Amino acid sequence: MSAQLHIPGVNDLSNDKTTSFPLNQWYIAALSSEVDQQPLGRTLLNHPVVMFRDSSGDIYAIEDRCCHRSLPLSSGTVEAKGIRCGYHGMLYNGSGQCIEIPGQAMVPAKARVGAYTVQEKDGFIWMWFGSKGNHAPLVDAPSYPIHGDSRYVWGGDVFHYEAPYQLIHDNLLDLSHVGYVHQKTIGGTPSIHMNADMKTTGDDVSVQVVRYMRDSLPPPTYTSAYPFGGKIDRWAEIDFQPTHIKIWTGGVDAGSADLTDPSRGGFHMRGFHGITPETETTSHYIWSIATNPVSDPQGTLASVVAQTKYTFEEDKVVIEDQYQNMLRFKDKPMISIHVDAGANRARRIMEKLRTFDR
Amino acid sequence: MSAQLHIPGVNDLSNDKTTSFPLNQWYIAALSSEVDQQPLGRTLLNHPVVMFRDSSGDIYAIEDRCCHRSLPLSSGTVEAKGIRCGYHGMLYNGSGQCIEIPGQAMVPAKARVGAYTVQEKDGFIWMWFGSKGNHAPLVDAPSYPIHGDSRYVWGGDVFHYEAPYQLIHDNLLDLSHVGYVHQKTIGGTPSIHMNADMKTTGDDVSVQVVRYMRDSLPPPTYTSAYPFGGKIDRWAEIDFQPTHIKIWTGGVDAGSADLTDPSRGGFHMRGFHGITPETETTSHYIWSIATNPVSDPQGTLASVVAQTKYTFEEDKVVIEDQYQNMLRFKDKPMISIHVDAGANRARRIMEKLRTFDR
Amino acid sequence: MSAQLHIPGVNDLSNDKTTSFPLNQWYIAALSSEVDQQPLGRTLLNHPVVMFRDSSGDIYAIEDRCCHRSLPLSSGTVEAKGIRCGYHGMLYNGSGQCIEIPGQAMVPAKARVGAYTVQEKDGFIWMWFGSKGNHAPLVDAPSYPIHGDSRYVWGGDVFHYEAPYQLIHDNLLDLSHVGYVHQKTIGGTPSIHMNADMKTTGDDVSVQVVRYMRDSLPPPTYTSAYPFGGKIDRWAEIDFQPTHIKIWTGGVDAGSADLTDPSRGGFHMRGFHGITPETETTSHYIWSIATNPVSDPQGTLASVVAQTKYTFEEDKVVIEDQYQNMLRFKDKPMISIHVDAGANRARRIMEKLRTFDR
C-alpha cells in the first residue's frame, strides 16, 4: 500500500540508479510579476539561474555567473541588449554569450555561460532542464486559462521550503488534513474531512483525486467571501502532474446543486501549485489562487489571497517539522492509511520518471 | 593524575568500544511543572521523546513521531486517552499504540511507536534508557525529599547547553572556580576558594567532595538572603551520581558553628543538578535550588532563584566557550591541577559505566 | 594568461603538495589600537592567538587556551605580569609559561602554551608563523612611515571576510572595478577605469601596477575632501607584497602636474591593506587610510575614513557573493581579461611561496 520516498539523509541513496528529479518536464520557475526591471536569481533543480527581460519584454534565463570572476549576474543590471555584471561590466545576451568586455577590443568566443529553455504563459515563467540525450522539449509549456477567465480574479506568491518537494506533493494530494491543520481558514469539521467520499484515478503521468463532503459547516474563508445560507456541500478536485498540481475546491448551499457538475455555482477556489525543487532537500512553492467574486472583486480577492497565504504558511510549518523529524528518525518506516491513495500513486509516478530520465 | 575525556570532535572515538552514555541509569527528563495540558518534546540521549499526562495526571513518554507521516507528536494535542497528531488526527495512548485513525475502521497493530519507562517523583520526571540486554530498571528513580521539607522553599529551571555533559560535571565537582566566575552572586575572595580545605571520597558509582572556607567575606547572594554579622565560615558538600549532582552549600557567622554538623544553621542553598545528555555534544541542565528562609519565604526564594539563574548563566558561557576552544585545539592535551581530584574521579566512573553498559 | 586559484571547496586540493598559506612571512595581526587593557583573541592562519600587553606596553602573543581546562585566555584578564585565566585563575607570561596556579605550591614545567614571534611597528602588530624548518624571521617586520609623516593623517579598521584571502588580492590588484562598484565614493566614469593606461611590473615576491586616468570627473570622496576646479587626472600605484598591499591613489586638476612624479600635489589617499588568512576560507582585512588634508585635518580624516569604510563594505559584499557563487559553480572555469595582469602575477607568486614553504 505504501510507496517509498527516497530522500537524502532519510534513506540511503548510495545505490540509487535514478536522477534526483524528473528532467524532461516543464517546471515553474517564477511568477511573471517577479521579473521586471530587475533580474531574478533563483536556484532550480540545483541550477543557479538568472532570469531577465530584454527591452521588448521577452524573458531569458542563463547561468547566474559571470565567466570572468564568477560573480552572480543577478546582482548586475539589466540593459536593452542583456545583463551587465556589477564587478567589471561584462555584458551578456540572452543566449549566455558575452557581447562586451569594457576596455577590451576582442570578446573571446569562450566568454559565455549556459542558457536555458524558457517560456512565459498565463502569468508563469516555465523552464526546461531536459537531460542531455533528450534536451529539446517536444511540447510547449502548459497553459492555465483560468488566469485569463473573466469570471475569476487571481493572485499568487512564492514560498521557500526547507523540505524536499515530494512532501509538498503528499500534502496537496491528501486534503484530509485540512480539518486538523487549517481550522482558522478552510478547515471545518475534521471528521467530515477524514470521512469524505474519495475517488482516486490516474494514468502514467497524472493522478486525479476527487472528494465530496456534504452537510458541512462552511469554514471562515468561505463565509467571508460568499453569502451561504447554512450548511454546505463541498468538493475538492485535485489534478496532479509531475511539476504542478491544480486544485479546484468550493462549496454550494447544501443540497442546492449537483457537485459533480463543473458548472456548479457557489464559492470557488482554483489553486495552481508549482512545486519546483531547489535542491534535493529544499523547494520552491510557486502558487496562484483564483476565485469567482459575487461582488467587490478586489476585496474578495484580497481576502482569499490573504487567507490562502495564511493556510499555506500553516502547511509550511507542518511540512518543515515533518522533514526535520524524518531526519531525526531516519531508520523508522512510515505506514500508509486510507487517505494516502493519491499521494502513493504520485510517488510511484515520480520514481518512474526519475529512473526514465536518467 | 588526569583522566581522559572522550568527546566527539576532540578525541578520535573511531575505536571506542563503549556507548556514548551510561544507559542503565535513571536520568532527569524534565521538571514536573514543564508538563501540564501541553505535551513536551525533548531529545534525551539521542532519543526524541514526547511527554504528556492522561486525564488523571499520570505521566507517559513515547517516541516523538507519528508512524504515518513522521510528524512530531509534540506539536499535537493531549486528550483524555492520549495524544493526537496534528496532521491527520491519529491518536496514541501512553504505550505508543495508535488507538484511532479517523475515517478508517481498522487500526493495524503495527501502527505504533516506542514507549519509555518513566517515573515522577518529588517534582522531577525521570526516564530510563536501559540497554537492550538489561532493559528493566531494578530500582526506582531516586527521591529528593528536600522538595517536600517544610523548612525549605524551592524553585528550578532548565538550561540547554551547546556542550557535552561531562564538562558540566567538571564544573560542578570543582567549585574552586566560584571566586573567579561568580563574583556578582556566590563568589567572595578567589584565593580562599582556591585554598579551601578539600576532601574527596567515593565509591564505584559516586564521588563526594567536601570543602570548607573559613573567615570569608559573605558574597552578594548570601547577604541579600541572610543577616550575617560580618565574616562567615562556608561549606560546600558535593555528592556526584552518574546522572545528577546534589550540592549543599551555605555559611554561618564565622566561628559560630561546627561546619561538619549537618544541623548547622545559617544560610543554606541546596542544589539539585540533573545533567542529561541531549546528544554527544549537547546537554540539558535541569536544576532546582532550595533555601531555608529566615523570613519572607517567597521574597527570599525569588531572590535566591534569580541569583542562581544568573550564576548558572555565567557557568554556561564559560563551559560553552571551553567546548568551542577544545574543538579548536583538539590535539592539545589538558593538564590537571590540585582542584581536579573529584572531577577526575567522576570521569573514571563515567568511562567505566559507558564500557559496562555496552 | 589565467592563473589557477586553489581554494577548498572550489578546486580539489586532495593532491595539493603545498601549505595552505605562505608561512615564512610577516603577517598583520592587528591594529595597535585594538590591544590596550583588554586582551585580543583572533585566529590567524588557523592559529587561535591571544595578544596582550605587559605593564610597560610591550606586546605578546600566545596560544589562546589555558592548558588546564582549555578555556580561551582571551576571556581572562590582563595583569602586570601576564594574562590570567577566568576559570581558575592560572597566570601566564608572554612566553606562554604558566607562572601561578592559585592554591598550588608547584607549577609544573609542562603547564605552558605556545608563544608567537610578534613585532609592533607604526601602528600595526605583525606576527610570524614560520614553518618548522625555518622558524626564525631573518628580517624585521616591514615599517610604514606614512603613519608618522606629518603631512598625513590616518585612521583604520578591521573587517572580517567570509571568503579566502586570494579574492581580496584579486580585488585590490585590479582597480578597474572601481567605476562599477564604488559610484557613491571613489568611482567616476566606469569606461575611463576600464580603459586606464596600465603597466604591470614585479619580481619574485612583489607586483607593481600603475594606472593613469586623465580627464576624469572627480568622484564624491575626492570632491568632498579637496577643492578641485573641474576634471582631474587620477593615478593609482599598487604595490603587492605576499601579506599586504600598499595603494597610493589620488588626483590633480587635469593637466596641472606630472602624474608620474611622486611629489605631485592634489588629493592623496594612501591605503595600507593587511590581508591575513583566518582559515583557508575566511580572512581578516586590516587596513589603514592616510590622506593629506588641505585644511581641517580631523574633519577631512573623518570624511575620508568613513567613505573608505563604505567603499570597503561594497567590496566585501562583492567578494563574499563571488566566493559563494564559486562554491555553487565549483567545476566551472574562470577566464581572464585585460585587467587581470597584476592579479594573475600575484597568484603565481602565492602559489610558489606556498610550495616553497612546505
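Per-chain residue numbering starts at 1, and chain names A, B and C are given in the order in which the chains are listed.
Here is the rule we use: a contact is a pair of C-beta atoms (placed from the backbone, for glycine too) under 8 Å apart; a residue touches a chain by one contact, two chains touch by 3 or more.
Predicted model only: the values in this text are computed from it and were never measured.
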| item | value |
| --- | --- |
| Copy-to-copy rotation for chain B and chain C - C-alpha atoms, rounded to a multiple of 5° | 120 |
| Interface composition of copies chain A and chain C: same or different, split at half | different |
| Separation of chain A from chain C, taking each centre as the mean of its C-alpha atoms, in whole Å | 47 |
| For chain B, residues contacting two or more additional chains | none |
| Interface residues, chain C side, partner chain A - complex | 170, 174, 176-177, 179-181, 190-191, 194-196, 318, 321-322, 325-326, 328-329, 332-339 |
| Residues of chain B touching chain A in the complex | 43, 48, 63-65, 67-72, 75, 85-90, 101-104, 108, 110-111 |
